[in-house]
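In order of appearance the chains are A, B and C, and numbering begins at 1 in each one.
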Amino acid sequence: MTEDIYNLVKKLFPICRSITGDGVRETLQTIKEIIPLDIKEVPSGTKVFDWTVPDEWNVRDAYVKDESGKRIIDFKKCNLHLIGYSVPFEGRMSLAELKEHLYTLPEQPELIPYVTSYYKKHWGFCLKHNQYKALKEGTYEVKIDSSLKQGRLTYGELVIEGQSEKEIFLSTYICHPSMANNELSGLAVTAYLAKYLLSKKQTLNYTYRIIFVPETIGALTYLSLHKDHLKKNVIAGYVVTCTGLEGPFSYVHTRAENTLVDRVTIHVLRHSKKETRLYDFLSRGSDERQYNSPGIDLPVGSLMRTIYGGYPEYHTSGDNLELVTAQALKESLETYKLCLEVIEKNHTYVATVFGEPMLSKYRFYHTVSTLETGRNAKEADLRNILAYCDGNHDLLWIADKINRPVWGLFGLVDSLAEKGLISKVNHG
Amino acid sequence: MTEDIYNLVKKLFPICRSITGDGVRETLQTIKEIIPLDIKEVPSGTKVFDWTVPDEWNVRDAYVKDESGKRIIDFKKCNLHLIGYSVPFEGRMSLAELKEHLYTLPEQPELIPYVTSYYKKHWGFCLKHNQYKALKEGTYEVKIDSSLKQGRLTYGELVIEGQSEKEIFLSTYICHPSMANNELSGLAVTAYLAKYLLSKKQTLNYTYRIIFVPETIGALTYLSLHKDHLKKNVIAGYVVTCTGLEGPFSYVHTRAENTLVDRVTIHVLRHSKKETRLYDFLSRGSDERQYNSPGIDLPVGSLMRTIYGGYPEYHTSGDNLELVTAQALKESLETYKLCLEVIEKNHTYVATVFGEPMLSKYRFYHTVSTLETGRNAKEADLRNILAYCDGNHDLLWIADKINRPVWGLFGLVDSLAEKGLISKVNHG
Amino acid sequence: MTEDIYNLVKKLFPICRSITGDGVRETLQTIKEIIPLDIKEVPSGTKVFDWTVPDEWNVRDAYVKDESGKRIIDFKKCNLHLIGYSVPFEGRMSLAELKEHLYTLPEQPELIPYVTSYYKKHWGFCLKHNQYKALKEGTYEVKIDSSLKQGRLTYGELVIEGQSEKEIFLSTYICHPSMANNELSGLAVTAYLAKYLLSKKQTLNYTYRIIFVPETIGALTYLSLHKDHLKKNVIAGYVVTCTGLEGPFSYVHTRAENTLVDRVTIHVLRHSKKETRLYDFLSRGSDERQYNSPGIDLPVGSLMRTIYGGYPEYHTSGDNLELVTAQALKESLETYKLCLEVIEKNHTYVATVFGEPMLSKYRFYHTVSTLETGRNAKEADLRNILAYCDGNHDLLWIADKINRPVWGLFGLVDSLAEKGLISKVNHG
């Protein structure tokens, strides 16, 4: 499966995505080959909270030609060349006039920047600063064969029903053109995480709601349609993004801090001994901004590798297929799986007998007591689990208390529950 | 205005104040030239909680003469020479008898100490230890031409009404004879702070209650008359004292700790980059003792420069006009003004739209999104204010969260409120 | 009295105790010579929560003889030689067969281990590893003249009634054979602590419930009989054990943490400047396991010297009369007495007058105020006690706040209460 995730990134890389348009549709269709996605559309002009769904944008071609007629900037070679949501344009102009529409990165002169102008009518091209500097005086021919008209905003949704109505919410975004880590890594990890959850559907405790949306306007659109349901049911969530680099695992906390998803993720990272960077909510950068906003208040964090903005190729043409590795994608997927497993099994139990049970009766325990049996670590874990299963502390709390990875306790807990020595508390 | 405060200190310096008497009246009349003060009196014998207002004390003259008839200790030269509340006395005595009534500071032999005996009938003189050591055997003539009889305790009060019934309480004391830092600096800063508040009366949110009282018995008297009103309305307060030295800003917390006035003052001192010393309530030394006492429970702190007792001239003749500087008085006044401004504007807001508003619509924000716009600090502040305006956190909390001086946020907050994106929460 | 405690340990040392049997009865009778103990019995077969009271075990004789007929392992020489609850047995066997029933400590080859098999029918002998290694091939004669039959579990109880129904609970165990520190030190200190409490019966505020029980099964038996009463009344408790070594004072917290007994014990140890080791509840090892278990939830800690398992002779024949000292026993007793005194006197008071009282009126205070009187530490303590007697903070909290041993405040507090300046709050 390791190569599968990388191959999905590779397949999606050339598509020109934006917050609307055929690139989004093609992207979602590609994901639908892996998981059963509901693809939904919302018309341009729909009010979503303080925003309005914009016109749909599509591009057939866009270029700048020099006097010799040579395409010196060519959308077909790299879709980052064209500013996102550039209006249609055709004309001839001097270098000075052209330059008012050119965007570069003087400090990274060999990279093409990623620039958008979704809500203000504008056009422009992005290019390497070195190329920009070499441009000669002359007359340039500009053509942007784009369309910007009443259409639809497109997103994908998959709900996997577990035993509980309570939901785990996963959100990833699908609006960036050819950039591999931000955004395709997140999208691909989410797809394969969804596939994994589908394979375990029979045993899932929680319901999983997984969405693929254009950033900001897509998240807001989804919230405007499902706000009340989400507020009622979502107990934890992640924005899945930037999962393709081999850098440290990075976690952006929920606004409320110390929520379940914060506690789980930090526990998982600590006990799986990953190099880790923890960020508070001030470092947020993606749709957790919307999900955690006042009045919405969903406890949604974001688990990444190197954080967005933390690697020099971020939002440039350097964020390409060579930057992302199959190994990183796989580790990110596995870590997300472990986090979800912990959420699934993190119940609160209460002891059913007064005092310590007679553990030797249940074959949990030694029968002849020596100095050595007193030092048995597994028996100590058993005693500690029983001591703290008081109906007020979840397993995660207990695991933190006794400094064990919570997944190391699941077996013992299941045995204790099976023997009837503890029972699950329904915090309903 | 800088010189004005110092000049007030200078003008008040020669007056012989005590907890009652004409010195208090003259002091309050002098302040009344600056602000419209209500001067009130309470008769001797009035019960105030566990105390009784004492007889009124006045002094015409007091001295010790040596055998040659020379005034060797003379109240008219320095009012600290006479113990506060010394009873009338006239007599001749040996050096040994006299010494039972003399007070000095052996470790600061060139300073006259400040001593009182308000509630036990007593008389005595204070002098430099060096003079004391040089006294020769012989017969001394002592005269204390004081009166101690049924009279009144005098205090001043100014209430400046703001829009809210909730009150900010400022208290300073007026019972020390010629000492410049403790107490005249506090009195003068309070007078000019009151003058400043009067000049802003039209825009004040809170009502300001400002009192000039004799320490302890005056504060208790005021509390006994206004306890219920104060308990109902006061949300923050300061005892203003020791504001005349150029030492570090010193803050004594309220008993309850972490109250509004504690949070505001610490925030102001931290962000205005003053050298600061924070003291807990155990270091209290003035009328905050009464205001914070159990059953009274007013959240009153005290903001000083070098704390009382923290400078060697404290409660001696060394606490004079040369110790106090116009610059220190001005800085103290400015800092108090900033604290009050923060209290005035420290509201709690709640966002009025779900999700982030579309900030570019309101001209708060960039329209073309590049790497650079993503790093704009002012836009980050805006997003953060909106994220934490959830109706539960006041601006001070938000400012502390994002590590900005709260006064740097007032402009943004006003703009957001004006656009209707946030609204004030009435914690009523 | 110092020698008395040690002599009690010495007297009890030779008795062969176990969780049932005549050794327990003899032990309790010996204690009854010191304090009026109720000795109670519960029949074998009684269900106690998840456990069952086992058959009663008694031993007349037990040995292993070599081919020459010499007793090479002899219960009569040291009762640790026989595994606790060894079933009756008689037979001859080869060295190899015998070895399946021998227990040693290879790393402490000169010590006999302490081993039990209460609930699984088994027999065996414990011996020094050096002796074990020297055993020769041959036929050995084994005899265990023990009885294991329907009988009774025996424990002792003493309730000393104070003015309040609220109880302090003291528990010590009586089921180990000849080991001096673990367990006789605890038993002896408890007996003399009870004797001390009886001597102060007239002045006791709380009721004291003191039990001498076999570990685990005895504690559970007691809980099964008195659970509801204990849960209603016990406000603090200790398991008294391992009080005979001169090592550091060691305290195992209650499960709930920061309960009264935790606060008191830590305060006492800190201010009496004892070398101290604090352990959280994870280090528990005796009946605090049962008392703190979910559903029982008694706030019971354990104050020891060197913790069980923290000294190399623990649970071996090295834990003998030479290890324990009279001095250590006395210090432990004194420390327990101080802890109980603090619990007794740790009330919550509320000031009865508004503002500070006029302390000089009550002769608590100076009358002539000088710089020196302002620095008087006892007067500062008085002011601080009054400031924090707000009905919400107990004396222990106040003592911690002002960093004084709470017993240094009792005199001042009693005086203030006598003068009517503070009154006790009934947290009923």
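As a convention for this text, a contact is a pair of C-beta atoms (placed from the backbone, for glycine too) under 8 Å apart; a residue touches a chain by one contact, two chains touch by 3 or more.
Since we're looking at a predicted model, the values are computed, not measured.
Engineer: Would you kindly state whether over half or under half of the residue numbers at the chain A/chain B interface are used by both copies, giving same or different?
Structural biologist: Both copies, chain A as well as chain B, present different residues to each other, with under half of the numbers appearing on both sides.
Engineer: Which rotation angle, from 0 to 180°, best lines up the CA atoms of chain A with chain C, given as a multiple of 5?
Structural biologist: It is a rotation of 120 degrees, to the nearest 5.
Engineer: Hey, how far is the Cα centre of chain A from the one of chain B, in Å?
Structural biologist: Centres of chain A and chain B (C-alpha means) sit 55 Å apart.
Engineer: For chain C, jot down the residues that touch at least 2 other chains.
Structural biologist: Chain C, residues with two or more chain partners: not present.
Engineer: Touching residues of chain A toward chain C in the complex: what are they?
Structural biologist: Checking each residue of chain A against chain C gives 350-351, 353-358, 360-361, 367-371, 374-375, 380, 383-384, 386-391, 401-402, 421.
Engineer: Which residues of chain C touch chain A once you look at their complex with the stated criterion?
Structural biologist: That would be residues 48-51, 83, 103, 105, 113-120, 122, 124, 216, 219-220, 223-224, 227, 255, 281-282, 284-285, 289-290, 292-297, 309, 314-316 of chain C.
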